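Both complexes below contain chain A, partnered by chain B and then by chain C.
And now, the complex of A and B:
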């Protein structure tokens, strides 16, 4: 049996680096640094208010959350946290995928799936934060929490 | 009248003369022969070495006394040419700068080729992709203005100091092939190319920094760096590679050095 010996001097070929006129990498990198700092403040502020102040963790129930989401200050705090955390985490996942998924068809598929998940969570979360009503108008009074005595 | 002079007759190597005792060291070397078409495999060799010996001496002993087919690169053998970068006990080092006495010889010493570049034979890899990235960052002085007075391009001590660290690079590829991003994605420019871009970006005499920053503001450029510091650990010249990459990132954000 004869073996085919490849020419040892055959040049190594690797796919050429694509020249792009614009890429978001610089802005993504800056966003990660900025959002990271803001998130530290937002998340620890959130944890401090929910778990430390007043009765602490025992105060958390449907009414507590409903009360917070009725206040525009906490609405904006939560929405900002939601957007920054999801985009920050999503961008982190994007870089991991770009680093480790090499399949030319698999990579775009996973990236789009990730994008869809982030987009859906942002839309739903924002919708809930601004439209949440603990006492909706309904026929079934017994389904409403006890503090809705209207 | 002839004076009789006592000459000490020298026999053997300097290590033997100094009265050093050799000891047995086991090397596990990852072999690969492209002509057989077989997978790479680990082969162990026992060598008698002195504490003053380096891993390169061990490889020489194996090649000269045990198995002449062992293939590895080396040129100057003194840490200047950068030919013998290899993975020794899982870390990228120069074989000629790694002393046996600094390694744990109760265990076999594992020696393999640097990772992320195509393996050609035993400890030899194809360095072409590495040099291709190096060439792409234009690692040469570019100036379109004549020097003041038509003579030299003068530079202050502080201006020279700015890029002193990155002038030390010997292009051994120890940094680039220690980078996990480079292992999984051969398109990344790699630390060595960025270090050599840094050397000219921050050179006060150079006038092409903007073009180099544009080249490195690529999807495969500086933003690929995850600051794992593998490159700084690997550099046999002690270059603060990750710091240099961070400085290039900051320069890209600023748009100027």
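And now, the complex of A and C:
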């Protein structure tokens, strides 16, 4: 009988690992870049329309926003911006939290808080955009968009 | 260093790596700081805009505070942060996806800063004129 002695200099081999078909971190990484390009366009357009044209910030009131969001074009612009910005920002904050929060109990707590904030704001913003009334009943008719008086 | 290797300080103008030291690292720091700031503003922005669902009076009361001179200056800072984050973000994408991106990362940072400065020169006077005209009640 002979004993098999393994080559002491055999190179280290990694234990076989299940090949993951779906790498969520890779998709998160790609999402940051894809959403980033779209957000540059959407947010620069948002800032230019609201702050540069006409009287800029002076013109922003219920009449301005209500008039804008009565238009499906701006509704979808704003809702797309809402979803992409909150998921992009939420994922960025997740990265920052993972980098700096080392407490084993604190980190999951902060991450869940972040998730709750993002989810609530997405639901709230989407509902407001699609359910609000640009011409509500009010005593101050002058506050409403001009088309409400017609 | 702990692994026994010695690290020589890179010569002036020559960063050791893309992300350690010099422009690569500081643009990363600025990207992070502006991103965090924008995220907190976004929370506030969505909540205050949601007041359009409450009443015209409630929304106008809150948006009125944005038209004060102090907030007007804060908005310039906010637009500056968004502008840098956007332009540097495009630079990061070029570093990641363009074959020569890493080679030209420093040049692209200066290009981003120049475009940022031009945008801010266009925006700042326009915005501050509106803010101060509002203050004067003109």
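The rule we apply is simple: the second predicted complex is superposed on the first by the 109 of 150 C-alpha atoms of A that agree within 3 Å, B and C clash if a C-alpha of one lies under 4 Å from a C-alpha of the other, contacts with A are read in each partner's own complex, and residues count from 1 in each chain.
Following the convention adopted for this analysis, a residue touches a chain if its C-beta (ideal position, glycine included) is under 8 Å from a C-beta of that chain, and two chains touch if they have at least 3 such contacts.
The shown structure was predicted, so the numbers you read here are calculated from the model rather than taken from an experiment.
S.K.: With the two structures laid over each other on chain A, which partner does A:87 touch: chain B (first), chain C (second), both, or neither?
M.R.: In the superposition, A:87 contacts neither chain B nor chain C.
S.K.: Kindly classify A:148 by the partners it touches after superposition: chain B alone (first), chain C alone (second), both, or neither?
M.R.: Neither partner.
S.K.: Where does A:102 make contact in the superposed view: on chain B (first), on chain C (second), on both, or on neither?
M.R.: first
S.K.: For A:44, decide between first (touching chain B), second (touching chain C), both and neither.
M.R.: Second partner only.
S.K.: Go through the superposed model and pick first if A:111 touches only chain B, second if only chain C, both, or neither.
M.R.: After superposition on chain A, A:111 lies in contact with neither partner.
S.K.: Just to be sure I read the superposition right, which of the two partners does A:79 touch: chain B = first, chain C = second, or both, or neither?
M.R.: neither
S.K.: Have a look and say if chain B or chain C is in touch with more residues of chain A.
M.R.: C
S.K.: Can you name the residues of chain B that touch chain A in the complex?
M.R.: Checking each residue of chain B against chain A gives 34-37, 118, 120, 126, 128-129, 180-181, 184-187, 217-221, 223-224, 226, 249, 252-253.
S.K.: Quick check on the complex: what are the chain C residues that touch chain A?
M.R.: 32, 35-36, 38-39, 42-43, 46-47, 49-50, 52-53, 55-57, 59-60, 63, 66-67, 72, 75, 79, 82, 86, 89-90, 92-93, 96-97, 123, 126-127, 130-131, 133-134
S.K.: Under the definition above, what is the set of chain A residues touching chain B in their complex?
M.R.: Residue list for chain A touching chain B: 3, 5-6, 8, 11-12, 14-15, 17-18, 20, 23, 25-26, 28-30, 95, 98-100, 102.
S.K.: Per the contact definition, I'd like the list of chain A residues that touch chain C in the complex.
M.R.: Per the stated touch rule, the residues are 33, 36-37, 39-40, 43-44, 47, 51-52, 55-58, 60-63, 65-66, 69, 82, 85-86, 89-90, 92-93, 96, 117, 121, 124-125, 127-128, 131-132, 136, 138, 140, 143-144.
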